[in-house]
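Both complexes below contain chain A, partnered by chain B and then by chain C.
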Partner chain A sequence: MQTGKPKKKLHQQLRRKYMWAYIFVLPQVLYFLLASAYPIVMSYVYSFYEWDGLGPLTRFVGFSNYNELLHDEMFWNSFYNAMIYGVSATIITVVSSFLLALVLNDVNMKGKTIYRTIYFLPVVTVSSIIGIMFNNIFGIQGFANQFLQSIGWIHEPIRFWLDPVLAMIMLILVGSWKHIGVVMIYWLAGLQMIQIDLYEAAKIDGANYWKMLMRITLPLLKPVAATILLLTVGSSLHVFDLVRTLTNGGPYHHTETIELFIYEYAFATKFGGVRVGYASAAGVYLGIFVLFVSLFLGWLGMKAGSSGSSKIGKEVSKS
Partner chain B sequence: MTSSRTARTIIHVLLAAVGVVWIYPFVWMLSSSLKDNVTFYKAAVNPIPEIFRWDNYTRAWEVANISHYFMNSVIVTVSTVVIVIILSCLTGYALGTVAFPGRTAMIVFVVSLQFIPKGYTIIPLYQLVKYLGIKDSYFGLIFAESSGAHILFILLFAAFFSKFPKEIEESANIDGAGFVRTFARVALPNSMPIVATAAIMQFIWTWSSFLTPLVLTITKPELKTLSVGMLSFTELYLTDWTGMAAGATISLVPVMLVFIFMQRYFYEGISGAVKS
Partner chain C sequence: MKKSISLILMLVLIFSAVLAGCSKGNNEAKNSDASPSQSASATGSQSNSQTPAPGAEKVVITMWNRLNKATFDNVIAGFQEKYPNITVKLENLPEGGGDVAQYQAAVNGNELPDIFVRPTEYSVAQLVKLGRLHDLDEVFPKEGFGDYTEGTFAEGYGSIDGKVYTFPLFSSLHGALMMYYNKKVLESVGYTAADIPKSWDELLAFGKEFNQKSGGKVYALGFGAKTNYFATYLMNQQASPITPEGQFNFLTGQYNFNTQGYIETMQFYKKAYDEKVLHPATIDADTGKAYTLLKTGEVAFMMGGNWSGEYLSQPDKDGNVAFTTDDWGVVPIPSKNGGPQYQYFEGGSGEYLYVSKETKHWPEVKLFLEYMRDNFYGSVIETGQTMPSKKVELIPDAKPKFAQYTDISKMMVEFKRLTPTVYAHNPAATSVVAQYNNYKPKENVGSIFLGYLQGQLKDLDKPLQKLTDDSNAALKRAIDEAGGAVKAEDFVFPDWVPGENYKG
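Our next item is the complex of A and B:
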């Protein structure tokens, strides 16, 4: 009888604690269901309707939006452009940010913080401002052309934004410029997870910088590399802000990526009327495509991760 | 780790040279914002203005509505930061300290939803704002900007609170402080580093956010934030490049200052993202 009471009290206390925990998570859960889960579900639902976004959702059309997209030249054009941008920007960003991180990870390096700040600044710059800056600097009478003319490298101004190929190259370079800083921080985080005693041991064994890089740093970074690749590919295939502010898809749709194509159908009038269902179907295609790419990269990462760590085990046990 | 002195010097020279090119666009913007429209074209290469034209700033601020966009950005960004921190801090505290029934299920549900391919979710979000009757208002914009699972912040808070010494909480309990009081008086004041990290990251995201304000201000241009307002600036005042540069400088200053002075917290947050 005597032990029953405190137990009951404890039970009550626990129940009160649970109750408060539920109250604490409730706002986030409701918000999440309303503003995140609902839009995800509806982004699929809309794709089966023909809808202008204004009246009631009544014209169910099955998979016809999906079929129509497959025969839409402009859709394939935007898909192709997104691929070119995504692959090139990813390669440039991932490789150069890695080199930068490798250099900046040196503990004895002077001015590390200043360099890091400089290379990170574009990351926190608003896209529309990037649009203003680069449209100007690389405009016909802009800084770049005046500079190149003054040092005699060119005689006629280069039409950076009016040539289809050059415009795409510019977009890729500016996109990489904006993202290298943040990926550099990812790499630095990965590099700092490697235990210093591994390097110490290797040094005692007489290993030089390159040997340590090839035998310790690179193999141990493989799982992080997979994550970084995943994040970068995903975000660059979804590129929208920069395309909208730098080229708006021009000249003649040559830099139009999928997200811009979708936006034009969903909210604007470049292609005629607003077609929410059509835009949604294109969004689903993109989502599924990015998922497959991610799964593939994740699978590569898992393979690399397991072989990488076993190799390290061997190296360490050898020494 | 680099062995020789020369190698280190070469690296420094390279880093500095590339660094100058890297931030030259900002130098260009600052110098253009102080030039007059003639030197802007004639002497684009020379970064130093002949006469300092501060009136570019007053023109951008008053005539081109930058003051308006600026206020909108401040209202939307500050509200979003506050809402997101409250939501993720409360959730993180519950997840980190109480093993309530359904906790694992909840985490699994939210995390797995992140891996489901999403369609174009901004359309339903826009429709939702419309249904809720908060379209064309600050509420609609703030509601949309604060959405998302905030998984990173919740994880940061949960990890922090779970490591929080149990004795302190228990002694607070013995002193008769309830769950809420313990949270407010003991846990929350100690979690300020996480609050700072979350606040800075969310501030920079929301300040730079583009698609959401673009879509939600289509029918109400007065609500435009700086990031989309600057786009209409370029479309409205096509030839006023120096005014545009001044406006751009105004929009960049807050986010740059926040970043430069608080970057430590920012990096910690990003590193946390990779590690988790």
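Our next item is the complex of A and C:
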């Protein structure tokens, strides 16, 4: 009896499958190494040098950049602004997209596809274009002020971009509006994973909409919610193009986020030359902060995943 | 079979992607190998002296411009007519600072075009040290230096180690600010040019009355406060009669921004804004918006640079000239007491071109530069943009397209004062100046002024003092890092008289 040949054939087939898998994954891996991993590693390297981006790295300064940043008022100002934006935009985005998803998930809702498309349109629009557009619409002589003055609601133009609080509110609202569509899709995906049987059983038991929402929907959405929170927080802490075009950090640094701060040092601007090392150190600080936030939210997600299903299990067994 | 085809297709895709990523797009010359001359040698100065004859192989030389879009149109058109085999491919970069990142990427990647207007954030010394520039001794031999305004080819500005690296375009007097006015707007409210204010008090009184007479629809003054370089120039020029030492005191070798000059100037414009003398859009406007305010009659006066006359005279995109040269005039900006005002400059030229050391078409570039040397300066006068680097008396045939050019040129001479230059004491200071540029604060008088005007800053003493302290700390750090090659005393000139042209 010949037993070696079938095993050898299976092994070869498996190897071929793996080979194809690696070939298809290879371009993305290469891209990741060149466009992500290499810059990340090099930014750590640059952070230990005083370097203007020209010529070779010659001036090793150790932790001097990190130390200087800790005493830089503008760095802490930009960090504070980033936190205000991040927290506010996350809350508004997550809550409003959830409410929209609830509405669009209703079986009686007509024209769902159209509404989903409308809400998703800002997501596919380039952030910098949105920034320029809204900056013009809400400028002192922009459409918004002209309209409000023409209907007599205001006599003097509203300084949307010149009042620190208003400018930050506008930035948060525009940034949230931009991302609501995609987060809504995540919620919809989560809602559609919940078995309809559970709702039918609850209706038979006399549960109203509110009770079903609180006792079935929300608990079962906890794992999804944790993931959505993680993704939303991550994206709201990385806001550069919108800030650059909408407010450019103004008025007077009141909306300057940390990525804009990094940009001002990494690239030559109207204020002077370049300090790549300093900018890289700021980037490292941001990266470490985002890592800790992500780890915390990931842990929350794991806890939510286990508690959500066990809670439903208890509810089902009670009935 | 299917798998083999798929594998081949995948490899072709990857290979194409790698090729696309590795290709360089800057120089589009199709026949570089067929060019009769070779590219620059290691020193960047040796080249084949043959020039291409008309009818030779076609060559494209690339050029970046961050100045007024029309600056080089005439000279390029004339050159291409004379040498039809050579095309100058001009790329106009975004104005008002939008070009900075593009230049930085090109300098770092050594992918500069053949010819480019100087990038504002890199000094000629930095670029020469990096090996990015081709010297221009063949275009500007020393015996011709006398044809240009004084200091054009001074060491540290136009020349490094005795070699010329810049093609001067504008006079070093370029950058003066003045006040343009809309004649029709003035007349509509019953004023003439004789009523134009000359001092701050006069401007405030005029502005309030003007706004009332126009029913609150038209304001006296507008300018682009959001354009940082403009706001900085305005502060420097307006502060000068009050604090002649300016932002850098050559008597002490230290920066000082916390001066009566800057404080009073900023307070004056804030008052003008609060009392509706300044158009409300000013605090949200760039220089482009300011032109619109003047042309559309929303303001009577607009602060602009010596180049603004040329902008105001340009037709719109449909070719219509709604705002003709008869519709505007130009006068000095009102100063505190109606007296003189000025900005400081250190020599060199107002703007200039560089040639990339990596150019593959040096003979064609040299031909173009020689043509420009003989024809460009006349067109500078003809467009009315500014004064050229070449002495005006050597270009007698050039006639400006608007009569106001004479007044503008006169004001350019009056509003500029030559300062000492540290390079005269110590040529090694170029590296210190470059390092200072990197260490200096991400703030200047223009941004502090905008913050104060917009109401974000209530007190000027603290931010101006911080700017002073941070600037001096940056200078000290840059000097210390020079390891003794440059001293703080190199920046001190005891024979300097603030407010006068330096004669040392």
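One rule holds for everything that comes next: the second predicted complex is superposed on the first by the 285 of 319 C-alpha atoms of A that agree within 3 Å, B and C clash if a C-alpha of one lies under 4 Å from a C-alpha of the other, contacts with A are read in each partner's own complex, and residues count from 1 in each chain.
Heads up, the rule we're going with is that contacts are C-beta pairs under 8 Å (C-beta built on N, C-alpha and C of every residue); 3 or more make two chains touch, one makes a residue touch a chain.
Only a predicted model underlies this, so the values are computations on that prediction, with no experimental measurement involved.
When the shared chain is aligned, chain C comes close enough to touch A:Y252, but chain B does not.
Contacts of A:G55 after superposition on the shared chain: chain C is touched, whereas chain B is not. More chain A residues lie in contact with B than with the other chain of the pair chain B and chain C. After overlaying the two complexes on the shared chain, residue contacts for A:F267 are found with chain B and with chain C alike. Of the two partner chains, chain B is the only one that A:V284 touches; chain C does not reach it. Contacts of A:Q141 after superposition on the shared chain: both chain B and chain C are touched. By the touch criterion defined above, A:S47 lies against chain B but remains apart from chain C after alignment on the C-alpha atoms of chain A. Within the superposed three-chain model, A:W161 lies in touch with chain C and out of touch with chain B [touch as defined at top].
In the superposition on chain A, contact of A:F240 is made with chain B only, not with chain C. Once the two complexes are overlaid on the shared chain, A:G301 sits clear of chain B and of chain C alike. Shared contact residues of chain A with chain B and chain C: 16, 20, 24, 27, 53, 141, 267. Across the complex, chain B meets chain A through its residues 1-3, 8, 11-12, 15, 19, 22-23, 25-26, 28-29, 32, 41, 44-45, 86-88, 90-91, 93-95, 97-98, 100-101, 103, 106, 110, 113, 115-125, 127-128, 143-144, 146-150, 154, 178-180, 183, 204, 207-208, 210-211, 214-215, 218, 226-228, 230-231, 234, 241, 244-245, 248, 251-252, 255-256, 259-260, 263, 267, 270-271, 273-275. The part of chain C that touches chain A in the complex is made up of residues 3, 7, 10, 13-14, 17, 97, 100-101, 103-104, 107-108, 121-122, 126, 129-130, 228-229, 280-281, 283-284, 434-435, 437-444, 447, 450-451, 454-457, 481. Remark: chain A residues 16-18, 20-22, 24-25, 27-29, 31-32, 34-44, 46-47, 53, 103, 106, 109-111, 115-122, 124-137, 141-143, 146-147, 150, 177, 182, 185-186, 188-190, 192-193, 199, 208-209, 212, 224, 227-228, 240-241, 244-245, 262-263, 266-267, 276, 279-280, 282-284, 286-288, 290-291 touch chain B in the complex. Partner chain C is touched in their complex by these residues of chain A: 16, 20, 23-24, 26-27, 52-55, 59, 74, 139-141, 156-157, 159, 161-162, 164, 250-252, 254, 264-265, 267-275.
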